[in-house]
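There are two complexes below, and they share chain A, which is joined by chain B in the first and by chain C in the second.
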Partner chain A sequence: MSDPVSLTDQPVQEASTTPPAPGRSRHLSDRLLTVAFISPALLLLLAMSVFPLLWALYLSFTDYSATRGGPATFVWFENFTAILTSAQVHLRAFTTLLYVVGAVTLQTVLGFSIAYLISRRVRGRGVLTTLFLVPMMLSPVVVGLFWRFMLDAQFGVINSMLGSIGLGQVEWLTKQNTALISLIVVDTWQWTPFIMLIALAGLTAVPKYLYEAASIDRASEWFRFRTITLPLVWPLLLIAVLFRAIEAFRLFDLVYILTSGGPGVSTETLSFHVYKVAFLGFNTGTASAYGILMVLIVIVLAQLYMRYLNKLKED
Partner chain B sequence: MAVSVDEAVSPGPVRDHRPPGRRSTGRGRVVIEVAVLAVLAAVMLFPVLWMIETSIKENRDVYAIPAKFFDFTVTLDHFKDVFVASDGGPTTLSGAFLNSVIVAGVSTVLATVLGVPAAWAYSRFSVKAKKDQLFFILSTRFMPPVVVVIPIFLMYRQVGLFDTKLGLILIYTAFNVPFTIWMMKGFVDEVPAEYEDAAMLDGYTRLQAFWKFTLPLLLPGIAATAVFALIFSWNEFVFAIFLTSSDAVRTAPPAIAGLIGGTTVDWGLVAAASIVFALPVLVFSYLVRKHLVAGVTLGAVRR
Partner chain C sequence: MRYPKRIGLLATAVMLVATTVVACGGDEGASTSSPKAPADIPELTKDPLTLSFIWFDWPPAKALEAFANAEYTKERSNVTVKVNVVPNANWHDAMFTQFAARKTDFDIPILDSQHIGEAVTNGNILDITDFVKKNIDVNAYNPYLLAAYGQFPQAETGKRDENASLYGLPLLGDTWTMIYRKDLIGDTPPATWDEMIAAAQKCQTENPGVSGLAFHQANGSDAAAVTYNTVNGVYGGNLWDSKARKIEGVINDAAGQEAMDVLVNKMKPLTAAGSGNWFIDEVNAAVAQGKACIAFNWIAASGGLLDPEQSTLGKTREEILGKLGFATLPKQKTDLVPLGGMGMHVSAYSSPEKQAEALNFMKWFEQADIQKKWAAAGGVPARTDALSSPEFLNAGPFNKVYADSVSRMRDMWNVPEYARLIDIENTNVNAALNGAKDPKTALNDIAKEQQGVLDSAGKKGGGGL
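Up next, the complex of A and B:
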C-alpha cells in the first residue's frame, strides 16, 4: 500500500544525492539491519518468557507433578474448574484484593499529598525528594527484614515506642487481623515514594502561567487545585496507580519474608498461594493453571496501563 | 491548554472575596506544611536510620527493652561478621555478594548489548505492528515472577541450568531486555535521525552512522539504563531463591533472607548485611536520579 508513495518519492531524493543503485541496496540493508538488531532480543524473550508460558499452558491441562515425574495425562479443564470453584482460592483472591486496593489507595493519597507539599516548596526540593525516595530503591528483601525486626512483638522498636507513650503492645505480624494491615503499611512505606515521584513530575510540569492567570483572577486555592492541578496531573497519576496495582498484584517477596502468608492464611495472596501449590504441594499442573489465570489478570491490567500510556503520549 | 486557562480564569473573581487576610494565613500555612513534610520525612527515614543503628550496636543493646536510641556502644563487629567467618575464612555471605556482582553485572551487559540495538531499530525504522511488538515486549516484564518461575524451573532442570550462575544470568537478561528497549527507545528518539542521514550522505553506511555518530550521543542514556538494569538484577529475589540451591551459586538476597531461617536471629548481622547490600543501590540510584521517573516506570513514562 505504501509502496507507490515511496516509489514516487524516492527517485527524486536519490537523484539529487546518490545514484539509484546504492539507494536500493541501502534500503535493503536497512531491513536487514532491523531484523539483525531486533531478532536477538525477541528470540531471548521468546525462549525465556513465551516458551515457558506456553509450557505452563500445556501443563495446566495435565495432572503433571514435578516430584512424582512420569508422563503427564491430560485432564483438560479439570485444573481450571478446580481453581475457579475452590473456596480457598476465593479467600486468597479476596485477601489479594484487600491488599492491592488498600496499599495502592494509601500510597496514592500519601504520595500525591507529599508531592503536592514538596512542589509548593522552592528551597530544599531536591534534597527532600532524594530523601523520600530512599525506601523505593531498596530490595524487598531488605525492606521485609527491616520491618520484620521493627514490628517484632517483643523487642521491636515500634512496640517499644508505643509502650513509652503508654499504649499497649500490638502483635503486628502474628495476629490474624493485624498481619494484613502490617503488610499494607510496609508496602505503603516502600512504594509511596513511587507515586510521589511520578506525581511530582506531573506537578512540576504544570505551566506556571496557568496559576498566575488564576491568581490574578483571585481564584481560590481549592478551585485552582481542582481545575488546573488535578486535570493536568491526573493522567500521569492514573498510570502510576495502574503500574502499582500490577506490581502489588504480583507481589511475592515481601509476603514471603514478612509473614510467609501467616498467621494461618491471613496474608496469603494469590502469588503466595501459587508458590505453595507449586513448590510445597508440587501439584505442578494445578499451579500452572492457577498461574495462567493470574497471567490473564495481569494482561488485562497491562492493557489498561498501555491504553492510558498511549493516551498520555498523544496529548 | 487554552480551554483550561479559560476555565480557570472566568469564574475566578466570583469565588474569592477575602484577599486582605491572605498574607498572614499564608505564612501560618507554610509553617504547617513544612512541619507536616518534616514529620513525613522522619517517618519515611526512620526505618533506615534504625537499621543503621542496629548494625553498629552490640548484641545486648540490639535486644534492649525499651529500645535504645542514643546511649549504646558503637561496634563494627557485625560488619566484620558479614565478610569474615569465625574461623577467619570468607563467609558464605561474602561469596553470595560476589555471586550477585557477577550475575547482575553480566546480565546487565547482555541486556544492554541486546537491548540498545533493538531500541535503535525500533526508533529508526518502520517495523510491522511496531506498537504491538513493543507492547508485547513490555508485557513480558509484567508477568508474575512466581508464575514464570514454575515452567522455568522445570525447563532448567531439564537442560541442566538449575542452580547455575548462567541460568540466573539468562533469566535476568530476559527480565532486563524489555526495560532496556523501552528506556533506550526514549533516548534514541531524542537524537535526531538527521544526524545519521547526514553521515550517510557523506558515504557512511547506516551501521557506521549508528556506530560513529548516534552511539556516542547515546552513551549517557546507555549508562543510566544499565545502572537501572543493574539495580533490578541486584535486588531480584524470586528467581534467585527458586532457581538456586547451593551456596556456591546463591546470590545475596536469598542469602540475606536465609539469615532469619534459624531459631535465633542475629539482627545485628542482618542489619549489617542489609546495609552492605543496599549501599551500592543507593549510590547508583543517586547517580541516575535525573532519569528516575523513566527508570522506575520501565521506561514507559518520560518527562
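Up next, the complex of A and C:
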C-alpha cells in the first residue's frame, strides 16, 4: 500500500505509472480506465444535450419543418432577423419581462422576510422550514391545475372566500389586468421557498460574534440588519435571484395550464410563443432560432450578472 | 501518453457523426404526398394484435373503445382495440409530433376535419381512395359528411368532389345543439338568433344567479373560434374566399363585423362572470348546475347532462328532461351550423399488418347494421340510413337535432396552415370576449394575420411568427 501523503503530492500524470492492480489487464492503464468510466456519461451528455443544441443551431439557419420533412434549405440569418424584428415577439418579450421582474421581486422580498423571521426563531425552525418547502416539491402542472380550480371565478374557493366577506367576484384568469398577476402569485406561492432556503442558509452562516459586538456597541436592530445581516447574505441572495430569474424567463407550464396565454395573448411568454411556433405550424427552423436566441439572452445576462457578483465579492 | 486523449476526442467525434447520421436518416423516405392504401384488404394476421386509436379525452372516446371491443372482436377475436386519449388542447400536437418523428404508436388517428390538409400534405396518412371505391358504399352517406371527414382538397360548397382523393371515413358526426331550460323560457325554443338573445336576457333578469347564456369562449383548441364562426355563419358572413385564398376583406366584411358585434356586445354580457375561459366541460357544468338559461355545446359531449349523478336539475333522467330541451341552432340571415365530428384515418407509419387491420376495421365500421349499433351505443353515425334509424333517434334527445342539422353544416378551412389560422382566430376572439381587444380591432387583426399566414406559405425564413 502506498504512502497516502506521497499519493496526494504526486502529479496526476505520474499516477499512471503505478503498476496495474492484480487481475487487471496490463494494457489497461489508469488513464484508459478513467476514459472507460467517464465515457458512458460523456456519450449520454453528448447525445442528449450537446448534439441537440448543435442540431438546433444548425436548424436555426434553415427553413426546416419537422412535419413537412424534405431537405433543410439554408436561409442563413433570416429566421433571426424575422424574430428580432417581429412585433409579436416584442410583445411576448415585454410580457416575459413584466413577469420575471414581478415574480422574482416578490419572491425575493417574501423569501428573505420569511427566512429572516425563521432564523430568529429557535424552537420549531426545522418543522417550519420543511412546511414552507412543500410547494416547491410539487409539480408545476399539479400546482397550475389546483390553482386554476381555486381561482375559477364561478366555482373557485378564492372568490367564495371573498364573497363571504362581502367582496365582489374577481375574474382572476380571464381579465388582462388580473391574469398576469395571478400567474405571478401562483409562481410566488411555489418558488418563494427556494429563495427562503438560500437566504436561510446565508443567515445561519452569519457569525454570531458580529451581532454580539454590535450589541455591546448598543447598535439598533435596523443598524445590525443593514450593516451586518444584509451585506453578508446579499451575495447568496443574488445567486438565488439569478436562478429564479432564469427559471422565470423560461416559464411555460403555469401559462399553459392556467391561462393558455390568454386573455388573447396577454399572458403569452416567450417560451409559450416558441411552443406555438414549433408545434402549431411546425416551423422548426424558426422555433430553433427563437430557442437559440433565448439561450443567448440568458447566457449574456447571466454573464453580466456574474461579473457584478464577482465585483461584489472583490469589494 | 497521448493516445487515450485522442481516443476520447475520436469517440466524441464518432458519437456526434453517428447521432447526426441517425437524425438525418429520419428524413429518408420522407414524402410530401400520402402513400396509397391497397384497394383490397391484404391478408389479416391471426396473431394477437392491438389496434390503437388516438383521440382526445371525452365520452365518445370511451364509448368507441367499449363498442369496438364488444362488437369488432366478434369478427376478429385476436384483435384488441385501444383508444389512447390526450387532453383536447394537446390533441393536434400529440398526433403531429409523432407524425414528425415518422413513427406513431397509433394506427388510426382520429383527425379533426380541418387537420386532414396538414396530414395529407405531409404524407402522414394513407390515401384510401381506391379502398373506398372497392369497399364502401359512398351513396349511403350525405355527400358533404363523406367529403368533410375524408376528402382533400376540401369540399368548399358542401358538395363532394367525385374526383378528389379520400383520406378518411366518418367516425363520429357532430354539431352544436342549443340546450335550453324549458322550465325557465318555455317549451318552444327560440327560432331566430335575435329571439334567442331576447329570451336569454329575459330569463337572466327573472332568475337571479342564472346567467342568460353559456358558450365556448376559451383560447385553447378551437373553442372561441368555433363560437365566432357559428355567429358569423348565422349572420351571413364568410370565413374566406377559398378560390382566391382571400381572408382580408371577407371575414371582416359588414356581415362579419355584425357577427362580432352580436357576439361581444349582445351575447357576452349574458354570460357568467369569469366564463371567458369556458369550453365543453365548463358549459356542461353550468347547465348541469342550473346556472344557465340557454347554452350551446357539441352534441357528442352532451350525454352527461342527462346523468342524475352529475346534475342538480333532477334525480332521474326524465326529471332532467322535464327541464332541459335540445334544439337545432336558431336561424337569422342563414341557417348555418358548425360541422363538428371527426374521421378515421390510417397512419402511414403503422406496420403493414396493422394498416391492413385498420382498413378492415373501417370497412366493418361503415356497414349499415354496425352504424346503427354504434348509434345505439352513444355514437353519432354518418350513414343516412343510420341517421334516420330508430336506434339513433331514440338513443338521445339531441340525436334528432343532429339529424335535422346535417343539411345546414359549414366547416372551417381545411388547409395545411389550419393550426395557425385557428390559433389566430381563437386568441383574437378570446381577447375580444374578455375585453383585451376592441371587437372591431380583433376581427381586423384576425383578417390581417390569417391573410399573412396564407400569403407567407412557401416563404423562406421566419415562418410561424
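What we mean here is this: the second predicted complex is superposed on the first by the 269 of 315 C-alpha atoms of A that agree within 3 Å, B and C clash if a C-alpha of one lies under 4 Å from a C-alpha of the other, contacts with A are read in each partner's own complex, and residues count from 1 in each chain.
We adopt the following convention: contacts are C-beta pairs under 8 Å (C-beta built on N, C-alpha and C of every residue); 3 or more make two chains touch, one makes a residue touch a chain.
Here the structure is a predicted model, which means the values were calculated and not measured.
In the overlay built on the shared chain, the residue A:T130 is in contact with chain B alone; chain C does not reach it. Of the two partner chains, chain B is the only one that A:A214 touches; chain C does not reach it. Between chain B and chain C, B contacts the larger number of chain A residues.
By the touch criterion defined above, A:Q88 reaches chain C but does not reach chain B. Residue contacts after overlaying the shared chain place A:S271 against chain B, while chain C stays out of touching range.
Within the superposed three-chain model, A:Y308 lies out of touch with both chain B and chain C [touch as defined at top]. With both structures placed on the common chain, the touch criterion links A:A66 to chain B and to chain C. When the two complexes are overlaid on their common chain A, residue A:L280 makes contact with chain C while staying clear of chain B. In the superposition on the C-alpha atoms of chain A, the part of chain A touched by chain B in one complex and by chain C in the other spans residues 29, 31, 34, 42, 47, 50-51, 55, 66, 154-155, 278-279, 287. The part of chain C that touches chain A in the complex is made up of residues 1, 4, 7-8, 11-12, 15-16, 19-20, 23, 27, 30-32, 89, 92-93, 96-97, 99-100, 102, 118, 121-124, 218-220, 272-277, 285-286, 291, 417, 419-420, 423, 427-428, 430-437, 442, 453, 460-465. Those residues of chain A that touch chain C in the shared complex are 16, 29, 31-32, 34-35, 39, 42-43, 46-47, 50-51, 54-55, 63, 65-71, 73, 75, 78-79, 81-83, 86, 88-89, 152-155, 159, 169, 171-176, 259-266, 276-283, 285-287.
Against chain A, the residues of chain B that register as touching in their complex are 1, 4-5, 7-13, 15-16, 19, 33-34, 36-37, 40-41, 44-45, 47-48, 50-51, 54, 62-67, 114-115, 117-118, 120-122, 125, 127, 131, 133, 135, 137-140, 142-148, 150-155, 170-171, 173-174, 177-178, 181, 200-201, 205-207, 231, 234-238, 242, 253-254, 256-257, 260, 267, 270-271, 274, 277-278, 281-282, 285-286, 289, 292-293, 296-297, 300-301, 303.
Within the complex formed with chain B, the residues of chain A that make contact are 17-18, 26, 29-31, 33-34, 36-38, 40-42, 44-45, 47-53, 55-56, 59, 66, 110, 114, 117-118, 120-121, 128, 130-142, 144-150, 154-155, 157, 160-161, 163-164, 189, 192-194, 197-198, 201, 205, 207, 209-210, 213-214, 216-220, 223-224, 227-228, 231-232, 236, 239-240, 243, 246, 249-250, 252-253, 256-257, 271-272, 274-275, 278-279, 284, 287-288, 290-292, 294-295, 298-299, 301-302, 305-306, 309-310, 312.
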